[in-house]
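Same chain, two partners: chain A is paired with chain B first, then with chain C.
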Partner chain A sequence: MSTRLARDGRFLNKSKAIKFTFNGKQLRGFEGDTLASALLANGQTLVGRSFKYHRPRGVVASGAEEPNALVNLGAEGRFEPNARATTTEVFEGLKAASQNHWPSLDFDVGAINARLARFLPAGFYYKMFIHPRPFWKYIYEPFIRQSAGLGKAPKARDADTYDHFYAHVDILIIGGGVAGLAAALTAGKSGARVLVIEQTAHWGGRAPVDGGTIDGLDPDEWVKKTLQALEKMKNIILGARMMGTGIYDHGYVLGYERLTDHTPDQDGPRHRLWRIRAKQIVTATGAIERPLSFAGNDVPGVMLASAIRDYVVNYAVSPGDRTVIVTNNDDAYRTALALKDAGLEVPAVVDARPEGGGALMQQVKDRGVRVLTGKGIAGVSGGKQVQGVKICAQAGEGAVLEEIPCDAVAMSGGWSPVVHLWSHCGGKLLWDQEKAHFHPDIGRAPTGADGEPFVIPAGAANGSMSLANVLAGGVAAGQMAVERAGLKPKRIATPEGDSVTEAPMQPVWMMPQGAGVKLRNKMWLDYQNDVKVSDVQLAAQEGFESVEHTKRYTTLGMATDQGKLSNINGLAVLSNALNADIPQVGTTTFRPPYTPISMGAIAGEARAELFQPIRKTPIHEWHDDNGAYWEPVGHWRRPYCYPRDGESHADAVNREVTNTRENLGLLDASTLGKIVVKGPDAGEFLDMLYTNMISTLKPGRCRYGLMCSENGFLIDDGVVARIDDDTFLCHTTTGGADRIHAHMEEWLQTEWWDWKVWTVNLTEQYAQIAVVGPNARKVLEKLGGMDVSKDTLPFMAWADGQIGGIDVRVYRISFSGELSYEIAVRAGQGRALWDALVEAGQEFGVMPYGTEALHVMRAEKGFIMIGDETDGTVIPQDLGLHWAISKKKDDYLGKRAHERSHMVDPDRWQLVGLETIDGSVIPDGAYAVAGGTNENGQRNVQGRVTSTYYSPTLKRGIAMGLVHNGPDRMGERLEFPKIDGTSVFAKIVDPVFYDKEGAKQDV
Partner chain B sequence: MLILTCPYCGVAADETELTPGGEAHLTRETVGADDAAFEGYLFKRENPKGVHFERWRHAYGCGKWFHAARCTVTLEVFGTYPAQTTEPPKDIRDKITAKRPGWSWRDFG
Partner chain C sequence: MSDILVKIHRAAPYGMITLRGDLSSTALQKAATDAAGVAFPETGMCVFEGKSGLSWMSPDELLVLMPHDQIQSTLAQIEKALNSTHFLAADVSDARAMFTITGPHWRDVLAKLTPADVHPDSFQQGHFRRTRLAQVPVAFWQSSADTVTLICFRSVADYVEGLLVNAGRAKSNADYF
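Showing the complex of A and B:
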């Protein structure tokens, strides 16, 4: 069983005890512990259950590569699932709970899956869940949902704050191990602006644990000295607890800084996302040890050899009293020495290499440890805790030679450089046969805007595996970065690393080499997703030759650890099964983030009110004060209706419609887009943009126009007013102003750049108020200032003047079918005019109306609405708008498209009105069914509803819809099935329900 | 995230300041064009692994459209130039030739 050692740990402050809980149990750790080290110190080797088979799992690693020790952290607003215990620093009061088990961690019902393992082979989702289809809803989906995902989703709003930070540097160094520090020292001395980031709380990386000397000093001493030197340099920023998340185009990097995860009571943001631009980037990201594939390699107590060394040296934690070491390389012998130094027993080192190792092996032998060469492990006894290992010949099939009792196993399958960041932006890899790993191909680095490389790997991340090479590589990378950043490098003496020379490793992809299917079934590659050697072999056998396909089929490397431990081992197994070389099979793609980052950090401060700025009209506050129920329209907020005491929204809308039709309504139309198009060629330009003829419009007059894309589809509509010979004012839809302005600019700048036309988006410069209803003229005449009579200002005319002493421009346009004046004023006068209209309108029954009343009234009139009647596939001809398409023009945007065969097809659905037989309202988006079924067994359809409302004017449900041959089928009944299984029936009618002659608006 | 220099205002703009506009130097087909030509204009686009010419707009800057010549593989930017042209300027083409001898893109190269 794991326990705390009496000795000191490098990272521990043993004078400061910390209390925390795991699954509700009070436990104690020390300042400096990670949650993983503290759990091990408390004998908690079982930390979770695996994803598919719910197998008991313990801590495997000591860093970011940990696949098993994922926990739910905290509660409510500070709840976080899938937190890695190995990278979580403990603090007073920390609450952690294990994941993926029911009812408890120790007794788990889902573990029965393990006994069903032969029914859950690779690709079982694809194989099992295809047929029969009806099983999906009630059997497959609930099963998958229950077993999908390890942690729970948080339910409460995140209580923490987050921010973003921008940094521009000459050189970014990712990784604060000795290679990164050597690079930083070199770059710093040259005067470059340098940012050095390290994902853990500690500088120096592995070197202080792995031993050797630097410039004759203990590595810890050298790190301390170097840090002091770096801290003195003003051109260097050191950032601990900050991970290089991803490297992107042109030297863009995301850094993820965890500021208060370890001190949650501290003020300030919890995480900070650094958005960094660097001229050069040094990736000194180290290497990750690989597990060995032997049967039972997932039993709690089996750990990476380097991790065991870390727990002993850094955290004073013993993984067990008796640890057997199994390896294919010399490095793992360092773990034997560390364990012996801590007074722990090492019953044996099992070395798969027939000749064993070099000097390190000799040192271990000299300490009296038994070394078995050419041997492997044929099995691990124990369920929730290692109890012993079975020894076999590595070259054989697994015949057990002896059994060694132990409570921990330290395994090492060699080291893989962390090439993730190098690869994110296109850096290529080379396979090193001798070290059995991929390392960066320096000749094929990621390139920047100038076509030159901008990433330089250093240290173990570059495949250097000795201290001397790591340090030399760090200095060289620093120098190269300075030169490439266009600065002058200063020579510094390369720190001299001295470490024991290691004998060559020997690749071991399966242990023993000739293991039968029974053993292969228990060899785990991907601990988190429960992928075994046998699964990858099965995938290969079933024809999955591409590594990317095998990954998806078996789910190898697709868990939250993204296969940091499993990718190379899985790749090797696949290569063997395919009889191909490893580099030929290749790796899967490395994608950011390196490890998962918080959603909060991604959002930064863009949440709640700051998520998106709200656009407010000059009359916004009046609406708010008068009970407006708001509706978001683009970035705008518009009143949907103004409910009075006891009124439902529907009641309010009906009242507003009726009052506007009978008395007087006011609408804040300020959000309408207003674009001025000016210049000698403005008329010609607008003739190209609108389907109508605009250039013939007389100054002082308005015309309703349609705009199409080059595909012929409707993109916007609105009223154009001609101000003078070369000035037009184009109204757009509320959501369309920016888009249509950009559309105009695009054509002017990129196609007709010799035309003399200027455009300005004046939307926010003016407030616009629609004064609507039979009493509209009366209220304006009462306020006085200009002649608004029919003779002087007829329908579809506009005039400048004054109303109530305020300068206005009045348009006689109507979207409601009533007598209507749309009055534009300078934004600063908008509220004054509104107030004046409300006051003067009292005697005429004035009421404000909102967007829903606007919609109901336009639907009663059969006016289309962009986004309701159109959806990006509708042409004007579908909507009976032929009258708005000029036959005289040679060309306009969309004209050629309107001639395409599908556009002139008589079978296109066309606009009609729909009147329900029983007076009810057809559900939004309902389809009209036709006879028979399509090839998917669904009922054929012959039309759909585009707008549907209760009309208080007609006192019945009305709708508009697109129907096959609709205009030729007046009076026919259509059936619209509803979600509840019943149907509503409607008669095809003319889309204009109200005042078909248009008499009311033209008075 | 790319950095492109706007040829109008000279700002080296992050991609977040720009909006993409697809392939550059399309010829507008309209009334009178046959179906094949019009289809080509609307839908057919280059998707090269290598030299490419694109339209970008400095949307959150000066608002101008410009063209960029760049390599889709190495992300190298050969140059940017104003949109008021029907073909890449000679200095840009020469620069590409120096870096990518034998390159071609549509009818250019």
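Showing the complex of A and C:
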């Protein structure tokens, strides 16, 4: 059983004890512990159950690569699933719970799956759940949903806050081990802006644990000295607890800083997402040790050799009294030495290499440890805890030579450089036959916009495995980064690394190499997704030759750890099964993030009231104070209606329509787009943009116009006012303001760059208020200031003047069919004018109306609405708007498209009005059915509803729709099936339901 | 220590005129410099003298700034000076909101929200940045040693104020600069 050692740990503050709970059990750790080290210190080797077979699982690693020790952390607003115990620092009151078991961690019913393993091979889901088809929806899917996923989903609102931060640097160094620090020192001396980030709370990486000397100093001492030097440099920023998450195009990097995960009571953001732009990036991301594939390599107590070393040295944790070490390289012997230094037993080192190792092996032998060369492990005894290992010949099939009782197994299958960040943006890899690992191919680095490389690997991440090479590589990377960033590198003395020379490792992809199927069934590759050697071999046998296919078929490397431990072992097994070389099989794609990051960090400040910008008109506050029910229109909020006490929204809309038709309505139309277009060629330009003729418009007059895309489809409409000979003001729809302005600029900048036209989007400069209804003129006359009579200001004219002492521009345009003035006023005066109109309008029955009343009134008049009658496939001709398409113009955007055969096809559905027979309202989007069925067995259709409302004016349901040959079929009855199975019938009528002559608006 | 890193102030209405035209023409340059009483700005820069100034917005657009009560006279002056040329001058004062952010940590606050580089090596007095603040377009310039002035569209002024107050929480200081 694992326990706490009496000695000190590098990271521990033993004077500060910390209480925390695991599955409700009160446990004790020290400041500096990770949750994993604290659990091990408390003898908790069993930390979770595996995903598929519910096998008991313990801590395997000591860092970001950990596949097993995932826990539910915290509660309520601070609940987080799948928290990695090895990267979670303990704090007072931490609450953790294990995952994926029922009813308890110790006794899990799901473990029955392990007995059924024979029936759950690779591709089981694909093979099993395809037949019979109906079973999927009702039986399989609910069952899989129930058992899928490790942790629980959080339910409460996140109690924490999150930040983003944009940093621009010359050089970003990812990784604060000795390579990264050497690079930082080099880059810093040159005066470059440097940011150095380290994912853990500690600088120096593995070197202080692995030993050797740097410039004659203990690595710990050198790290301390170097940090002091770096901290003095003003051009260097050091960021601990900050992971390099992903590298993207143009030197863009995401850094994930965990600010208060270890001190949750502290104020301030929990995580900060750094959005970094770097000219050059040094990836000094280290290497990850590989497990060995032997039967029972997932029993709790089997750990990576380096992790055991870390726990002993950094956290004063004993993995058990007796640890057997199994290795194919020299590095694992360091674990034997660390254990011996801590006074623990090492019953044997099992070295798969026939001739064993070099100097390190000798040191271990000198300490009296038994070394078995050319041997492997044939099996592990114990279920929830290692009890012993069975020794066999590595060259054989697994015949047991002897059994060695032990409490832990330290395994090492060699080291894989962490090439993830190098690869994210296209860096290529090379296979090193001797070290049996992929390392960055320096000649094929990720390149930036200039075609030049922008990522430089350093240290172990570059395949350097000796301290001397790691340090030299760090300095070289720092210098290269400075040069490539366009700065002058300053020479610094390369720190001298000295470590024991190691004998070559020997690749071991299966232990023993001739293992039969029984053993292969128990060799785990991917601990988190329960993928075994036998699964990958089966996939290869079934024809999954591509590594990407095998990955998806077996789920190898698809868990939250993204196969940090399993990838290389898995593809080595695959390449053996395919009888191909490893580089030929290749790796799966490395994608960001390096390890999962919080949703909160991604959202940053964008939550609650800052989730999205809300655009407010100058009159917004009045609407809010007067009970407006809001409708989002783009980022704007517009009043949908203003319900009064106890009134339903429908009743409010009906009241607003009726009052506007009978008395006086006010609409806040400030959101309408207002684009000024000026220049000697402005008229010609607008003739090209609109389908109708604009250049003939007289100053002082307005004209309704349509805009089409170059494919002929209707994209916007609105009223154009001619201000003077050179100047026009184009009104767009609310949603069209920015889009149409961009459309204008695009044509001016790319196609008609020599035309003399300038545009400015003045949408927000003006508030616009529609004063509508039979009493509209009366209220304006009462406020006074300008002549708004029919003679001076007729329909479709505009004039500048004053109303109630406020400077205004008044447009006589109407979207309701009533007498209507749209009054534009400086935004800063918008509220004042609105207030004046409300006050003066009292005697005329004034009421504000919202967007729904606006919609109903325009539908009663048969006016189209962009987005209702149009959907990107509709041309003006479909809507009976031939009158707005100029025949005189040589050209306009969309003209050529309008002449295409499909556009002039008489079978195109055409706009008509629809009047329900029973007076009810047709459901929105309903289809008119026709006889027979189509090739898919669906009923044929002959039209569809585009707008449908209850008209309080006509006291019946009215609609507009597009119908096959519609205008020629006046009076015909159409059937519109409803979702409740019944149908509503409607008569085809003229789309103008109200005041067809237009007499009311022209008074 | 106060809860807020910087002082955020929504400024009183300010005069702003958008001037579009050929920035290389001497007539336009003269009209602009006469109207604002300052030198013509280089690309990406602004020039201020008291409350009046010129800012480079794009290769064919300037922003002329002035006290609010001088909008009409300035506009008239520009219109008159450029009368025979092809240009567009428009009053955009009411389309904008203006904020000042004051305090030694203004760079730390801005860097949480804008992708523009606000490091002192890249952004100093005289620079004018058109960029975005979280999800909306803004422009800003350093108006004094410890103050940056920022303009945004009027409709999103509340959002921008919310962003700045949120980013200005003392406890969230990245203390990078």
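Assume the second predicted complex is superposed on the first by the 917 of 1003 C-alpha atoms of A that agree within 3 Å, B and C clash if a C-alpha of one lies under 4 Å from a C-alpha of the other, contacts with A are read in each partner's own complex, and residues count from 1 in each chain.
Here is the rule we go by: a contact is a pair of C-beta atoms (placed from the backbone, for glycine too) under 8 Å apart; a residue touches a chain by one contact, two chains touch by 3 or more.
Computed from a predicted model, the values in this text were never measured in an experiment.
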Touching partner for A:Tyr248 - first (chain B), second (chain C), both, neither: first
Just checking: does A:Glu609 make contact with chain B only, chain C only, both, or neither of them? Give me first, second, both or neither. second
In the three-chain superposition, say which chain, chain B or chain C, touches more residues of chain A. C
Looking at A:Lys756 after the superposition, I want to know if it touches chain B, chain C, both of them or none. Which is it: first, second, both, neither? second
Given the touch rule stated above, what does A:Lys279 touch, chain B (first), chain C (second), both, or neither? neither
Have a look at where A:Lys778 lands relative to chain B and chain C in the superposition and call it first, second, both or neither. neither
Would you tell me the residues on chain A in contact with chain B in one complex that are also in contact with chain C in the other? 277
Parts of chain A lying in touch with chain C, wherever the complex brings them together: 161, 163-168, 193, 237, 267-269, 272, 275, 277, 604-606, 609-610, 612-618, 635-636, 676, 678-680, 756, 758-760, 762-766, 826-828
So in the complex, which bits of chain A are touching chain B? 248-250, 252, 277, 425-426, 447-451, 710-711, 742, 745-746, 749-751, 753, 890-891, 895-897, 899-901
Please output the residues of chain C touching chain A within their complex, sorted ascending. 13, 18, 20-21, 60, 86-88, 90-96, 111-117, 119, 121-122, 134-136, 153-159, 162-163, 166-167, 169, 171-172, 174, 176
Taking the complex as given, what residues does chain B use to touch chain A? 1-3, 15, 21, 28-33, 35, 38, 41-42, 55, 57, 59, 63-65, 71, 73-77, 83-84, 99
